[in-house]
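Both of the next two complexes hold subunit A, though its partner changes from subunit B to subunit C.
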Partner chain A sequence: MKTVTIDAKDMHYTPLNQKVRAAVADGAEEIILNNVLGQRFIGNGVRGNSRIIVNGVPGGDVCMFMSGPTCIVNGNAEHAPGNTMDKGMLVIHGSAGDAVAHGMRGGKVFVRNNIGYRGGIHMKQYEVEARPMLVVGGTAHSFLGEYMAGGLVLVLGIGQEKAMTDRGIGSGIHGGEIIIRGEVDDYLLGVGAKKFEFTEADLERTKPVIESFCEQFGLDPAPFLDTNYTRIAPASSRPFAGKYVWE
Partner chain B sequence: MCGIIGFIDKTKSTMDGSKIKAALSLMNERGSGDGAGYVAYGIYPDYADCYALHVFFDNMVEPKTKVDEILHRWGTVVHQEEIPTVEQPGLKRVHTPWRYFFKPFDDMIGGKVGSEKDIIKHIVMEVNSSINGALIFSSGKNMGVFKASGWPEEVADFYRIEDYEGYIWLAHNRYPTNSPGWWGGAHPFNLLDWSVVHNGEITSYGTNQRYVEGYGYKCTLLTDTEVVAYLFDLLGRQHELPTETVVKALAPPFWDEIDRMPPAEEELHRAIRLTYGSALMNGPFAIVVASNEGIVGFTDRIKLRPLVVGENGDKLYISSEESAMRVLDPEVKNVRTPRAGEPIIGRFNA
Partner chain C sequence: MSLGSIPPKYKVSIDREQCMDCGRCIENCSYGTFRREGDKILIQSRKCTACLRCVSMCPRDAISLTENPVDYRSHPLWTREAREDIIKQARSGKIILAGMGNASNLPSIFDRLLLDACQVTNPSIDPLREPMELRTYIGKKPSKLEFKKTEAGDVELATKLSPNLKLETPIMIGHMSYGAISLNAHLSMAKAAKETGTFMGTGEGGLHRKLYPYQGNMIVQVASGRFGVNVDYLERGAAIEIKIGQGAKPGIGGHLPGEKVSAEVSRTRMIPLGSDAISPAPHHDIYSIEDLVQLVRSLKEATEWKKPVFVKIAAVHNVAAIAAGIARSSADAVVIDGSRGGTGAAPKVFRDHVGIPIEGAIASVDQKLREQGTRNEVSIIASGGMRNSADLAKSIALGADAVYIGTAALISMGCRVCGNCYRGLCPWGIATQRQDLVDRLDPEQGAMQVSNLIHAWTLELSELMGAAGINSIESMRGNRDRLRGYMLDEGILEVLDVKNAGA
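Let's turn to the complex of A and B:
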């Protein structure tokens, strides 16, 4: 396997990202970035199927517009990892900041621990082949899946008494679904969001995603494979149809 | 978009400014080169009983004569000097930074002027609102603000920030959006020992400004953050509210959250909102405030700006980005995102 290793210590993000792109263009299958600290835009717009390993804490917008590769972050991430991501997979072995998977339109973002505010904001979907997925191992702060138009957000609540305790879940949601481990208090739902029963059929659909998440983090999927979830989806396809209309 | 950092060592062990410069510079993307600044506490132990007045003078003749007159009317200048600076290629020296170590006269206290601090507040408001070419931008004891228009490294090198040793540091990298970039508009904003760094906008500025102006504060610095320093002085010093309560007044819980609280807590939060409705701050913000008691960080009620906290033993770090904290301390632990409006408080060990 062709591997390229880059020491990112004290390097600005511009030369670092140029090196990553050059390595991808050169056919590298694995690109290892060591001593990453705060460099933004890592893996932005990168195509193909290489594997990018980030050792450290990358700056904002890691894997923005990424289309294909797999990116493993061994550390926490800052704001908007997976921003407008198209294809591929981003795995974060830690927590992440606000607006995770912002505007994501395909691929997978897996976060082992917690995420900040507005995770999955503006996620969208094109039929079945471009269905983005955001899976959070721990919990998420307010406005999860805000203005969501498609895709899947799944919160497992590992190590949490309740998977979600922050308000505004699915605020303005008009497509896609948010699946949360256990019960969700009604007052946590955002405007336009509605709770639905999580059925055996839903579990069948979701099972591969849960298994894929657990595989990445070396977890046993068995404890998660039951119907003890709450499914949150739009109350209607056009929850705000009348909002700016006077009749 | 701006970048902010707060640091406190609860044992009062000091740190020099070189690391805070490196940490702030890591977030250069959050600024535009139009303003950066630092504040450090514990830097003037030789003059710890004096108010350190940092002043921008446009020239050393007329404005300085007028400031000297006011100071001599209210107290004694124990020492004064130009703040040491080193010319930087990219930084245009618009003002001359000067510092006075000042003690108000005891016998001036009386009537509306209830304390030494009231005298200092009065002097700052009078100078900043009435003397052209003079601006007091720092006025606490044993602390000082250092700021200018420029990038974080330039401003740090201009003031030789590595020469200062503080047990509290705040730092700010500015990206001015709807107010001008100038030296007085750079953060931190300060009054007495309150210093404020802020990322965001206070869209309730007009309401907040009218509220503090009723108590003799004058907003003269052409930008919103100034009012936060005055709100802390009014609520925290004059009204003697605990820091947690000040934050609950400025970034209160929503009414429906208050409705779900246990009765005693509900009553308290209802009273705070009703009493301090005009102090409530709207808009997106992440703020760190320092005083001689400690630091507090908090965000707006729906968390429209980033803020992360971390700690390592007696050290507490608050920042816009985790990476900046890791520059200060690669061993930082318990890194987390606080909840919207949650006060993150670091006080000195008793």
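Let's turn to the complex of A and C:
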């Protein structure tokens, strides 16, 4: 396997990203970035199927517009990881800030621990080939899946008494689904979001995602493979159809 | 219903002596105003929107259309509009949705600004004989140039230049999305932009594959819904525009109704068929000016700093301070959209009451950037209700580098400003996705008309500049001495930094 190692110590993000791009163009299968400390836009707009290992804490917008590669972050991530991501996978071995997977339209974002506000906000999908997934091991703050237009948000609540305790889940949701481990109190739901029973068929669909998440973090999937989830989906695909009257 | 009906807005009639009963009015009206019963064409005026399609297509000029003469008791405050809006809301409990630009009766500042011309002391220039330099570059300009000498003794530019867009005329076509308008409307404008050496915006609807041949003249938009945005889209555009706000509806997002999300629209936007396409009010990854910097730079990183990035804002009260922040964000141009800007659909209360006119916004932004020494960092593109070459010339004299036209381009393709764009039934094939209606607009013909309009304004601009003794657009830009205010108050004249007529 062709591996390229880059020492990011004291490097500005533009030359760092140029080096990553050059390595991808050069056919590197694995690119290891050491001593990453706050550099933004890592993996931004990168195509192909290389594996980018980030050792440290990347800055905002890691993997934004990314289309194909797998990016493993060995640390926490800042604002908006996986922003408007297209294809590929982002795995964060830690927690992440606000707007995780914002406007994401394909691929997977797996966060081992917790995420901030507005996770999965405005995620969308086109047919089956572009269905984004955000899986959170711990919990998320308010406005999870707000304005969601497609895809999947899954919250496992590992180490939490309740997977979700913040409000505004799925406000304005008009596509896709939010699946949360255990019961979700009604008052946590946003306008336009509706709770549905999580059935055996739902588990069948979700099982590969749970297994894939657990595989990434070396967890045993068995404790998560039951129907003890709440499924939250849109009350309507046209949430604003009744809001207006013509002039 | 206890409220009864509101009187029809328009009254349509047919001169039966002229009418030859061909039925073209029935075929052309997508709103169902005309129908045939037996051997007679009947009219239902209530359905009319004054799009004037029937009037334009009637071979005998037999159709008349007037605003329906219904008089309410006169009252200076309780106008017909005020009363009818209340009736509609009492009935529905809903937000009133309106199309096209601001329809309130506020005076236009442009109409009270007058241009200058040479007499005796300095001669005017005849554009027929002298070259007029209208070429405009949009993007960052270096604050100084450095040169180095090569070994061969030549002089070489040492300063690294930022990417700029090269326009043959300072008129661009603004962002109207595929979805809000038809593919044939987009194709017409894209062809015209290419032919006239200018650029057009995609709006927030992605880039349809049929527009790929014109991508070198397209500015791709990234708005809060991120519809159709991926790295491929960003790379196709000649420039990228972040839309923060729109003059017709500052501060709120947009909803493309599910009816307009056809198979092609869904594919281009990359969203499900028939679902509402919702653009939230803010970009949810931008909650501060620092976050804006992050998005600007993220777009630049994704495209390897090869493309100019514009930021579009609505003209609002603190527009100059906001633009000053944008000028420091690595953005290459700021687009200011004034309160008279058009839209396919906006809540009426926003369209008519939120935001400020473009004239004051251009002047205050230009002034602020010059004061702060950042005017070279960003170009200023002005938009929102540009009706003719005079508005264009005045915008440039107030400090804009170029303008975006929107409604004017639509009118050049047939639009009659009826303001019913949001209904998706545009009989001119512009604001619709219904194939039989879209087919009415021939992209070749449409392109010719849009090009004609841009050519005509460009010619007029050269004549206006020549008359003022100016032969280069650079000498016109921000040249407020070439403007005088007529019947504008002192406060506005101060904002515009323009003298009074006669002064």
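We take it that the second predicted complex is superposed on the first by the 243 of 247 C-alpha atoms of A that agree within 3 Å, B and C clash if a C-alpha of one lies under 4 Å from a C-alpha of the other, contacts with A are read in each partner's own complex, and residues count from 1 in each chain.
By definition in this document, a contact is a pair of C-beta atoms (placed from the backbone, for glycine too) under 8 Å apart; a residue touches a chain by one contact, two chains touch by 3 or more.
Every value quoted in this text rests on a predicted model; they were computed, and no experiment measured them.
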_Partner chain in contact with A:120 - subunit B first, subunit C second, else both or neither_ = neither
_Quick check on the superposed pair: does A:84 touch subunit B, subunit C, both, or neither? Answer first, second, both or neither._
second
*After lining up the shared chain so the two structures overlap, which partner does A:237 touch, if you call subunit B first and subunit C second: first, second, both or neither?*
second
*For A:37, is the partner it touches subunit B (first), subunit C (second), both, or none of the two (neither)?*
first
*In the overlay, answer first, second, both or neither for which of subunit B and subunit C A:76 touches.*
first
_Looking at A:57, would you say it contacts subunit B, subunit C, both, or neither? Reply first, second, both or neither._
first
*asked:* Which partner chains sit in contact with A:190 here, subunit B, subunit C, both or neither? Use first/second/both/neither.
replied: neither
*Of the partners subunit B and subunit C, which touch A:142 in the superposed model: first, second, both, neither?*
first
*Please write out, lowest number first, the residues of subunit A touched by both subunit B and subunit C across the two complexes.*
40, 60, 79
*Show which residues of subunit C lie in contact with subunit A when the two form their complex.*
88-89, 91-92, 94-99, 224-226, 229-232, 234, 255, 257-258, 266-267, 270-272, 274-278, 280, 284-285, 291, 294, 297-298, 301-305, 347-348, 419-420, 422-423
*Show which residues of subunit A lie in contact with subunit B when the two form their complex.*
37-38, 40, 57, 59-60, 76, 78-79, 95, 97-98, 114, 116-117, 141-143, 166-168, 187
*Hey, which residues of subunit B end up touching subunit A in the complex?*
26-27, 29, 256-257, 260, 302-303, 306, 308, 321-324, 326-327, 335-337, 339-340
*asked:* Taking the touch rule as given, give the residues of subunit A at its contact with subunit C in the complex, in rising order.
replied: 13-14, 17-18, 21, 40-41, 44-45, 47, 60-61, 64-67, 79-80, 83-84, 86, 99, 102-103, 105, 118, 121-122, 124-127, 130, 146-147, 149-150, 172, 174-175, 237-247
